[in-house]
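What follows is a group of structures, each given as structure tokens.
Next come two complexes, and both contain chain A; in the first it sits with chain B, in the second with chain C.
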Partner chain A sequence: MEREVRVWDNLKRDTEERMKKVAHLVEEGKVVKAENTVALLEGVIKPGDKVNLEGNNQKQADFLAECLCEVDPKKIYDLHMVQSVVSLKSHLDVFEKGIAKKLDFSFSGPQAGRLADFVRDGKLELGAIHTYLELFGRYYADLVPKVALIVAFEADKEGNLYTGFNTEDTPIIVEATKFKQGIVIAQVNKIVDKVPRVDIPADWVDFVIQSPKNFYIEPLFTRDPGLITDTQILMGMMALKGVYAEYGVQSMNHGIGFFTAAIELMLPTYAEELGLKGKICSYFALNPHPTMIPAIESGWVKNIHCFGGELGMEKYVAARSDVFFIGPDGTLRSNRAYSQAAGHYAMDMFIGGTLQIDKYGNSSTATANRVAGFGGAPNMGCDAKGRRHSSDAWLKCGLEYGMQEALLGKMPRGKKLVVQMQETFKEKMDPAFVDELDAWKLQKNANLDIPPVMVYSDDVTHYITEEGIAYFHKCVDMKEKMAAIRAIAGYTEIGLQAKEEETMDLRKRGIVKTPEDLGIDVTRANRSMLAAKNIKELVEWSGGLYNPPARFRNW
Partner chain B sequence: MALNELNFKYKVENPQSIAKEYSHLGVVGSGDLEVLMEKKDFGGGAEVKVVTPVTGFDKVWEMVVTKFVKGNNLGDLLIEINDNNATPVVVSMRLRQALAEANKIEKGGE
Partner chain C sequence: MLSWDELQKAKFTEANARERAFGLVDKGTFTEFVSPRDRMPSPHLPVLGEAIGYDDGVVTGIGLIGKRPVFVVSQEGRFIGGAVGEVHGAKMVQAIKLALKAYEDVKVKYPDSYEERLPAVVISFETGGVRLHESNAGLLAHAEVMDQFQDARGKIPIIAVIGSKIGCFGGMGFVGAATDVIIMSEQGRLGLTGPEVIEQEMGKDEFDASNKALVFRTTGGKHKYIMQDANFLVEDSVAGFYQQLQEVMKLPFAEIEKFRRIGSKKLVEEQLELVKLAVGLGAKDSMDVWKYYGNEDPAKLVDMGPDEFLKVAKRRERKLG
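After this line comes the complex of A and B, so read on.
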């Protein structure tokens, strides 16, 4: 019998061919000069390739992104970009120029409006908007990058990389690319003789380029305590008393906004007064939020694992190795994938803000004309169904779950706390509670398969507005959930539909609690509650170790 | 900018005025407001005057103010609100804070 001879290493042969074409561009070791970057990209990338451009809501491979925009669109076109975020102008310029065609991503901040225009005008074919681990997972299934354009602080000539404080997404991208015979190109701030620590080993990296200027990092997680409002303080007090204390929540992820910044700054004050020290907030999956400094310094926190770095927090974090994850070289190693995994499986609570909540309790930050995705923290706004270990908070929330028996029969199971905070009205009298989410309009405008919902109603356990807390998970059906939403929706159209007796009944049964029900003195909700009232006081708390970026230095 | 003036009058059962003769809370910063409360002999009634640059939300103002006055059984009281685009959230909170401030009995001798 004759057997067909099949080739099983096409990917490897293809890569070898590409590598040969650019061999002449390599100086010593794996070093390519910055001015040869465009030629390198034109040599290793082929039309239709899946290309990963590293960048997240923190660090950016900005030089490689700009170089990719300069390749000849006659030679390189129809690229399928797979990347965590779309946040630089260049990220969309590659589509404008016809170099790239399709996009799969997770988050777009500043470019969200332009991205929506591109989708509508047919300049860009949108694959899907993902949560982070979901996108990372697809790097190992149907979205394996052929070429990864990544970023590190330092490299040696052999290609060992130091990603340090801002390691973030790099390991998971490089592993997917390199082990499927792909090509890894790194831009670095500096080529050195010896890196402080090897974050990515040299044989996983094909080329290193010293970029003309240091890569861009966005200080996305810095919140100036000076901007925290009394309403945010009130809602923070409600959260601490009605959720943190009520469930004894020990492990959590905090969202990025002012609500959680207020909570962080009230741990050494209000939470201390409530006698909660040691009983809540010991473990975090969290970026190095500057607003955590007073709580850390007051001995509240045992452990923080970071998704990424935060500009200005390098020295402070390095000096607190009992709390943060510090390498043998003395600097932090962040890792977005691991922190996300911890956020899903090891944390009892996700708490953060949202923008819009519909009458069913679905919430989204999507607006009609911005394809924004969902950022880091909201990725964890769900109950990871694979969880099997128990904790007090998780068990209590499960015991209270109104639909538990309908779904499981008589079987105990815990539930992760997913807490959404939102004032009933946003600026300019824009109501936060709506009949239908703007996500539906966006679905039409951007031609998406489904409306981009950030947190689904069946994952939310608690909604907090200035009117009260809805213990949403206690509801037995959608009818009751809708009544609970109305009860805390204030003077919005949705809130005005609340029926007095229905709301009273929910309050009696502990499904809705007002600040008064919680025993909170509303008059105390003012800025004297905050352990630090401005950035300068955060610097003082840190003993001078926190070095805020210039734009936050207003003294 | 033309300012919108709203006036509301109430008469509740067993009305309560404030402890102080006169009380003031808040600043007319952007998105905020000031609340002035003054004890008045209105024969048990309460009067509320709102000055706001916002138009089209008279109904919401009425609901916020009504809930506050009725919920706290207020009477023999003049409330003046000078608003600068505060949301109902902020209005409700400032009113509650203003009432608490107006009911603080000054302690002497410390």
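After this line comes the complex of A and C, so read on.
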């Protein structure tokens, strides 16, 4: 029998052909001049390609994004963009100009309103909204990029990259692209003779371009302690006493909002007073939040692994290598994929704010006219079903799980703590508790398959409002869950449906606890509880190592 | 609420309007006029479906500093940004009217020693000016406060205390500037058009409102102190302001009046000189002006604590003796 002759390296041949077309654009080593970038892109990209444009939570390949908008849409069209974050105007301009057609992403932020319009008007075909890890996973399955347009601080002429403090998504994008015979183009702030350390090795990179301007980076994780309210402090005290202390939670991820900022600033004060030092909050998957400085300086924290960096924290982080992950060159290496993996599997708790909670206890930050996505929150804000190691907090939460026996019989299993915090009313007297999430309206407006829910009811273990904590996981069925939601929903329409005897029964059984039940003196819930009351005090705590961006300098 | 002693140690930026009113006068001497128990909210806000405050965002009352009755007005930035509506404005006006009445009473009752018992008005500003929800009434309130200032001229001192989060902006920026004495902290800010509005009208190149360091350099206490817009710069604590008030109260009224920045032809001329300077100097940043007034390394002043700043900062020299 004659063996069929087949070609097994089509991808490689295709790439080689593309590389030949642009060979004349390369100067020394792998360097391409900034002014030749558009020509380079037109040479290596073909219509219909999957293109990864590195848009992280923080750093942005903004120059390459702008250049991609300038390619000739007659030559390059129907691109399928796969990228974690859509945050720059140019990220959507490529769709407006007919260069790109389809999008798979995780988070949008400032472009969320425009993105919803584009989807509705048919300017953009939306693949799916993912969590970060989910999207990264698909880079290695059905969404492998053919071309990756990435960003680094520095490169040498051979193409070694230094991504440093803000490594974020770069390694996982490059590995997926390069090892499937794709093409990697990096914009860098500076081409140097020798990079401080090699974050991406040269043979994984095809072209390096020194961009005319430094890449854009957003300080997303800086919360000014001056803006923390007394209510947030009260809820933080409730969380510390009713959850952190109750379960002895040692490892966790904190959301980026003011609730967790308040908690971070009360570790050296209220939590210290409760005698919790060493018993909680030793390990974090967390960006370098400036509000963590007082807790770190007071010796609370053993270990922090970072998704990304945070502007102004470079020197402070570098000087605390016992706590952060620091390279041989002395600077932080962040990595979103690893930190998300840690957040999902190695952390006992996810705690953060939300926007809306429905009567069933589903929680979402989606609004009717913005396709924002949730980034990493759903990945960390869910029970890790594949988890097999145990810890005290995980076991205790599992023991209390009201539906455990119905699902597993007599088999013991732990449960991750997923804590959602929200005041009963948001700004402009907008109720946080609703009959139906705005996510349903968004599903209709943007023509999505399902309403975008951040954390589903069966993953949430605790809801905290200023009225109390619902130990949601203790409920035995949906009927009881709905009663627990009503009990802490205050004067919202959902809350007004609470029946007194029902709430009293839940309180008796420890499913609902008010500040009084927790033994918290409400009059102490004021800003004097905060270890630092403004950005300047954070600088003082850091011994002058923290250098806040101008927009946070209230002096 | 913190006790008077605790308040003295507290940061002024952290204190709410009521705490400031209590803490700026001698211990245990403050009595509030029309307190929240009397329930005097804005009649206009409910019509617009907005939340009300039983004090309409301002605390007024009387206390003592030494022998002098002090009429306090203290604005609450956490209620609609301290914006002035009809009731809020009326409370301000009435507090000053009562101070003027007290002035007459003191003169009759203590003909020989009335100078040391002279009443004063202290206004702790925290406001963006007119409350847009009740615009005309709010504007009118500004004018009426100014009228009271005119009535008080030559009789009792009106002292501005500016060190709260919102600062003193909009129409109330004019009102603040029209007082006899201005005491600020580094965190206090004084101006007319708010940074966001300037950016919106003139563009980000003219003024980048998100650059808080720039905003504070331009409108904050240090700049106002160097420019002599603020007479005194104190540390960000209730005690800092209270002690400075005590010092001012020790001065004879004629001395206090010399702190004024506007209110006579000569003073207006002095201000016009500054306008000329602003054009002529072509300053891009307040630090250029600091340098012009003899501060060799102006960038150093930005991060300096108040004690050291007061020692080294060089100020514009005032022409009037």
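As a convention for this text, the second predicted complex is superposed on the first by the 551 of 555 C-alpha atoms of A that agree within 3 Å, B and C clash if a C-alpha of one lies under 4 Å from a C-alpha of the other, contacts with A are read in each partner's own complex, and residues count from 1 in each chain.
Criterion: a contact is a pair of C-beta atoms (placed from the backbone, for glycine too) under 8 Å apart; a residue touches a chain by one contact, two chains touch by 3 or more.
Values in this document were obtained by computation on a predicted structure and should not be read as measured data.
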Combined model on chain A where chain B meets chain C, clash or fit: clash
Which superposed partner A:Leu234 touches (first chain B, second chain C, both, neither): first
Touched partner set for A:Glu466, first chain B, second chain C, both or neither: first
Touching partner for A:Gly226 - first (chain B), second (chain C), both, neither: second
Chain B or chain C, by number of chain A residues touched: B
First (chain B), second (chain C), both or neither touched by A:Val522: first
Which of chain B and chain C A:Met429 touches, first, second, both or neither: both
Touched partner set for A:Asn534, first chain B, second chain C, both or neither: second
Touched partner set for A:Val7, first chain B, second chain C, both or neither: neither
Which superposed partner A:Gly490 touches (first chain B, second chain C, both, neither): first
Doubly contacted chain A residues - partners chain C and chain B: 429
In the complex with chain C, residue positions of chain A that touch it: 226, 429, 527-528, 533-534, 550-555
Footprint of chain A on chain B - complex, ascending: 31, 54, 57, 60, 63-64, 85, 87-90, 92-93, 96-97, 100-101
Chain B-touching residues of chain A, taken from the complex the two chains share: 229-231, 234, 423-429, 465-466, 490-491, 496, 521-523, 525-526
Chain A-touching residues of chain C, taken from the complex the two chains share: 2, 10-11, 13-14, 51, 165, 186-187, 210-214, 216, 220, 302-303
